[in-house]
């Protein structure tokens, strides 16, 4: 039983401005090759956790307690330079919006080879060769043309593939995927999700998958953590949580999803009393 | 009868809005400081005949180039000293503020009104209106402004009127371009489509939906322009193109003070400081107003 | 004589055509090619498609916000294809639009009360401002919107509240037809459920006809009677929802249906390939 790649223990954070809690003692583990979904509605704190792992929390958010153990080392206790190096080499991000995540003024080749050359010290030609291979791996046809292109010349789906290629370029141990398919068409989404899963299996990468889409979680993740108001409401394997949820909130969210197979089910609004009860639960020490 | 309902509704809304604006302004430090200084200057300018201790044109060669109060050799009654012709600096600075403020307010308002009207029309109607206005602006901006001012003053003759005209005629293009750009940006917003779907007329949409969203930019620009107008007037009077050389203007005083820099630094310092403070006040006022009057920025 | 409220026949919409410099003709891009749809009275019709399908353009065309290059649009028996703005104006009260992004569709410098009551006063639906406010309060009550929202500006409301204000604005005019343009895309599951249930109730109570544009087939299934599937500006399939979902005829429809990730675990889903190309 190997040690988990990521072990978050009791992570709490507040907003610097008004001390409002953003995360309340969140704990989760991630094994090698595992995909864990972080789900919740907006404001639940899922993106905050992703940012905390990557060390890019906004200045207005302050961690008050807890540890983020990455391969046994606490990221929160690491000095800045060492942290940046570690993250640069072993952790990658797949961002949400492919339209804005790429630098519009630079060609794709430059953006793909940046990490390889600056972090790994690879030569320009070797980096280029690797970039080509990566583009092939993400099933981009005409990789040569794409390397020379600027972001605005590519479609949303292609840009997201490029971003995935960039994420895997340095063979990271952990990838944080922040709603990577929310901005895509549904058919493109399926292709991208399949790609991500295949690449993850091939490289043995662990993935934290942040999303608000319960359907995506069910089909793509191995385990899931459901958040509300910065607190964990339920967690477990995907089968446990989605098929036999223990908490009322989980069940309510599942009931609120529209169902194309059985339209009479689904679209049940979450009862306000449940939300009120949940707020009290979450606020309790 | 039903139109009366709309008018009444608007009137009620307007009253409570105005009250809100006044409160917001009184709370904003920039508006209070900048606006306070501008107000103070306006009062001084209006009350010049009573405030100024001496006649600004009165010469007294015997008292030429005396330093301000507190310095050795100062003359009682001349708080800021005298210039080479023995004229009281304080009084001249006070009277100079009249010219500066008149030019600032009138020229900016004219430039803003004309420029914004064209900018709104061009940004909203697009098509040939936009093409025509844009060409006009481009051609107009190609004329060297200094030449235009000289031409104007030469043709019309010196005086506050020509200075105002020169500034307005040159600077309206600035307003036009900015307002046009902002109008186009706002026009692409969904709330404009929503207004079209309701069935509002295009003119109504422009004036009641788009214009309030263009106004913040306009306010900032007008206050900036007031500062610019004061400086331009100073430059024009520095080169003798402004009002007749008898009337005291800050620019004229600066020109004069330059010549006597070693004997009497105060001749230059007084008008220069006033100029600086006035422009600063206008800029602060503009920034503050923009924030205070805008519900979106107020948070 | 049908009881169709809104009928579009063979719509063709082109963008960017015209004369370039030196008089060269620009062909432009065809956003819609020969599209025909109809919306019956009291019916909710779905328009589904991905980006570039032309669904948004179709919506704007139905509301006569763009003029078709060819084809016909008939509203309540009247041909509105080439009507000018002045003639369209009185009809506009009867055809309303709910937007995807309520932050952008509510004038940021108007208060909510003004935003929702101005159309009523403009179209003389009410006698005076007091009556308009009464109606606004009533509908806010029904939508579980706190009345204090009326005095606020859009940015002071939550996303869910803004969305409901957008629906309220359209509903207050008691139109015959409403176009809902991707109104729940990007909403949380619970907010989405709330908004959709509201819409269902409203269409039922007011007898509204609705065209519901979305890229999400499961949402369409939940609230629409019939559906049109759009791809690259062409209708590839249409029919009653039950029929289309149970037995889709066109492979694109099948691909769309298959691409929806369901919250029910389906181990073969990810690798199952109905990719189109």
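Note that the chains take the letters A, B and C in the order they are written out, and that residue 1 is the start of every chain.
Criterion: contacts are C-beta pairs under 8 Å (C-beta built on N, C-alpha and C of every residue); 3 or more make two chains touch, one makes a residue touch a chain.
A quick note: this is a predicted structure, and the numbers were derived from the prediction, not measured.
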Practice prompt. Find me the chain with the mean Cα position closest to the mean of all the protein Cα atoms on display.
Written response: C
Fill in: From chain C, the most remote chain by mean C-alpha position
B
Response to the item:
Cα centre of chain A to Cα centre of chain C, whole Å, reads 32
Worksheet item: Just how far, in Å, is the C-alpha centre of chain C from the one of chain B?
Response: 48
Worksheet item: How many angstrom between the C-alpha centroids of chain B and chain A?
Response: 53
Worksheet item: What residues of chain C sit close enough to touch chain B in their complex?
Response: 63, 65, 85, 88-90, 92-93, 95-97, 99, 101, 104-111, 114, 117-119, 121-124, 126-129, 132, 153, 155, 169, 173
Worksheet entry | Complex interface listing, chain B residues touching chain C | 2, 5-6, 8-9, 12-13, 189-191, 193-202, 209, 212-213, 294-296, 299
Practice prompt. Give every residue of chain C touching chain A within the complex, in rising order.
Written response: 50-51, 159, 186, 188-194, 196-197, 215-219, 221-223, 241, 245, 255-266, 269-271, 275-276
Discussion item. Under the definition above, what is the set of chain A residues touching chain C in their complex?
Written reply: 41-42, 156, 182, 185-191, 193-194, 197, 212-220, 238-239, 242-243, 252-254, 256-261, 263, 266-270
